[in-house]
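Below, subunit A partners subunit B and then partners subunit C, in two separate complexes.
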Partner chain A sequence: MTAYDYWSITRGALATISLSLVSILLGVPLGLALALIRWARVPVLSRLVYGYVSVVRSCPTVTLTLLVYFALPQLGLSLEPTGAAILALTVSTSAFNCEIWRSALVEFPRDQYDAARAFAMSRWVRLKLIVFPQIWRASLPALVNEMTLQIKSTPAVAVIGIVDITRAALRVGANTYQPLPPFIFALLLYGVIVFALLRVQRALERRQRVSGAMA
Partner chain B sequence: MSDFLIIWGQRDVVLAGLLNTVILLVIAAVASIVLGAVLAALLMSKHKAVAKGAALYVDAMRCSPFLLFVYLIYFGLPTLGISLSNWVSGAIALILYNTAYMAELMRGAWLELPATMIESGKAFGFRGVSLLRYIILPPVLLRAMPLISSQLIQIVKDSAFLTVIAVSELTHEMTSIQATYFIPFAAFVTAVALYWGICLTIEAANGMLDKYAEQRRS
Partner chain C sequence: MSSLISRALGQPRRTSNRPQRAGVRRTAALAVLTLAATFGVYATASAQTADAIKARGSMTVATEDDFKPFEFVDNGVPTGYDTEMLALVKKKLGINITQQIMPWSGILPGVTTGKYDMAVTAVLVTPERKAVFDFTSPLAQSTTFYAVKKGSSITSADDLVGKVVGVQTGSAMLADLKAFDEAMKKKTGKGLKQIVEYQSYPEIYQDLALGRVDAVANTQINLNSLIQTRPDTFVIGKPIGNPVYIAWAVKKGNPGALALVDGALTDLRKSGEMYALQKKWLGASFESMPQSIN
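Right, the complex of A and B next:
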């Protein structure tokens, strides 16, 4: 492997990181919104969310990506590979995040919510100041866990021609006729990304503890 | 709607793909649960070196995306002089990858077992494999059942990656149908619906086993 080969796999890492980052930034709040719909038992909508989560959670990312990229144009919505990849990854992660947020919401003590109401807080203020900080703390480990799974499912978008770490490593292997070194380098890159994410989680948890101690 | 009629016309191909996915699921599930139990025993081993080695394997698998591992098996084994068919390399990749996850799930359930249970098993003369087979594994498996069944759903989803090495599973067959007839929407929606069906079946089976576990406990 030449320096250029290492560089091309590292460039794949940029694609992997940016696609996962964008889909996480979109998927985490979307999951929260879906979970709130189910928590508030909005008629009809909460049924739809239930169905959405059930289907998406059992759908392979590869199949979902193919569906978004090839089938949406038939409905008159054609996306570039990057857009299709982000959409597919966001749809997939939002369903998992919805379940994580929902389990935190189900555990949330009802009396606190009622107390906030007794203080005449509006619905929005109740959610923002009372509910959200606590479910965020409870959900963080599971959310980060889902993020690591999300990073590991990004290679699925290679089926529509996006060059991520895995695809870049495959190309280098095909050019040099030595598949093992690029794959092992790719494995190391994934390891580094996942490890960095876990460090961010630790740092966030430490900050929560500090702010919890001050409050 | 006519697109779905084309899919219906191609039902032999679709069902063959579905069957292949189910066969891969069953083989990978059985093998990875059995091997996972063995690996869990290694993880819990008193010999530090054995436990460390097993943990290294589990961590490596947990860092690696499944697709990367598939490539590693598919392109890596031939360089070591072992050449296998696409289907067999796909199945091996599914088994080896999920064995690590199964082992980790079982280790979690194992840690929750009361120590007295294992000690009294030893007092009754159970050793080694028989201790594992009759005393430790039954409660571990029952306890880990919900997690194991969600890992089975993961196997179903991972099996779709095997399309990249041309294993003729469900996604692969659907891709070839859509490429022939240009009906991507009908083809992939059918695929998603069939995957959903498989996963609902797994969840229903898990519910039944859960009831059985409840009865056994009481």
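Right, the complex of A and C next:
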């Protein structure tokens, strides 16, 4: 492996990180919105969300990516590979995030919500001050878990020409006919990324404990 | 749509499945193209005629990245026989050719749905594929060979009896290997011990080095490239199939792109530039190939 090979796999890591980050930043709030729709039992919409989550959860990310990239143009929407990859990854993670948020919402003691209502808090204030801080705390470990899975499902978008860590490593191996060294380096990079994410989770949890103690 | 998924997912290299032609709805190009400039969205108005491509001034093709020596990425730069041939074709035609690099599994769906005008990759021309695609004038010719690890007891094709052989799933080479196995069974009553199918060749070479398979079946051209890069580990064996042509594939009913590219390829053969590149990348030139193989 030449120095350039290491550099090309590192560049793949930048693609993996940015695609994961964008899809997580879009997918986590989107998941929350979907979960709230189901929690509030909004007529019609809640059924649609149920259908969306069921379909997306049963769909492998590779299939979803191929659908977005090759099938959507037939409906008149043709995306560049990067756009298609972000869309596919966001759709995928939002469905899983919806279920994570929803499980916290289901466990949320409804009497607190009713009590806040008795104090004439508006719906927005109830969500922001009473519901959200508690479900955020309850969901964080599962959300971060889903994020690590999300990072590791990014190789799926290589099928439409995105060069992520795994694809970059494959390319090097296909050229040198020595696939092992690039894969070991790729594994190392995934390790570093997930480790960094877990550090962020720890920092967030510590902050929660502090703010929890203050409250 | 379901056929699209199963086709794309289960699509191994050089598969002989017949992708069905999806009913591509051609979108009005102009309005969307205007949008494209702003939003990075572009229309897939696949070309029907040579004039349409010339008028548009551009063509979109899909290329692979891990099929050395035909197409691979070296130090971040796409290179190989097909990539250099494409550059010559581009110069000849004077049109802009956008090259999208992706794995094999994304290439055929891209061509059948009209996202790309042509698959610029080493497609082995088989009767099954002719039913689905039109092929350009052939770019190379090859025969399926086997290769073994250095020091192996296998010295002739007959020695493969009772051995484990790795090959890419769904490939033309797999078909060759199966036919070889049948022929051996008829001749000697015994065939291969097992045919192991892999997604792509780098894994097979790795397993061959590790001793998990006794031999690998691939085209002579690909195996020569392997031997050149790792002469310390692998040795090329003997042919186990008949010669086949290698060409670029276009969706059936897209004669425009085909006519344009064929014209350029014919010129490149006449000028000898194609043969020079064949010698450079494939180690031999193929001068007796027919002009058309459709």
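Miscellaneous remarks
Rule of thumb we're sticking to: the second predicted complex is superposed on the first by the 215 of 215 C-alpha atoms of A that agree within 3 Å, B and C clash if a C-alpha of one lies under 4 Å from a C-alpha of the other, contacts with A are read in each partner's own complex, and residues count from 1 in each chain.
Note that in this section contacts are C-beta pairs under 8 Å (C-beta built on N, C-alpha and C of every residue); 3 or more make two chains touch, one makes a residue touch a chain.
Quick caveat, the model's predicted, so the values are computed rather than measured.
Placing subunit B and subunit C on a common subunit A by superposition gives a clash between them. By the touch criterion defined above, A:137 lies against neither subunit B nor subunit C after alignment on the C-alpha atoms of chain A. In the superposed model, A:159 makes contact with both subunit B and subunit C.
With both structures placed on the common chain, the touch criterion links A:186 to subunit B but leaves subunit C unconnected. Contact with subunit B, but none with subunit C, is seen for A:58 once the two complexes are overlaid on the shared chain.
When both complexes are overlaid on chain A, the residue A:70 reaches subunit B and subunit C alike. When the two structures are aligned on the shared chain, A:176 is found in touch with subunit C, with no touch to subunit B. Of the two partner chains placed around the shared chain by superposition, subunit C is the only one that A:78 touches, whereas subunit B remains out of contact. Here subunit B runs into subunit C after the superposition, and of 21-29, 39-47, 183-191 or 201-209 the stretch doing so is 183-191.
Put simply, subunit A uses residues 60, 62-63, 66-67, 70-71, 73-75, 158-159, 170, 173, 178-180 to touch subunit B in one complex and subunit C in the other. The part of subunit A that touches subunit C in the complex is made up of residues 2, 4-5, 7-8, 60, 62-63, 66-67, 69-71, 73-81, 83, 158-161, 167, 170-171, 173-180.
Interface of subunit B with subunit A (complex): residues 60, 63-68, 71-72, 75-76, 79, 153, 156-161, 163-164, 170-171, 174-175, 178, 184-185, 187-189, 191-192, 195-196, 198-200.
Of all the residues in subunit A, the ones that touch subunit B in their complex are 54-55, 57-64, 66-67, 70-71, 73-75, 151-156, 158-159, 165-166, 169-170, 173, 178-180, 183, 186-187, 190-191, 194.
On the side of subunit C, the complex with subunit A involves touching residues 1, 4-5, 8-9, 22-25, 27, 32, 40-44, 65-68, 72-76, 100-103, 105-106, 109-110, 113-115, 200-203, 205-206, 226, 229-230.
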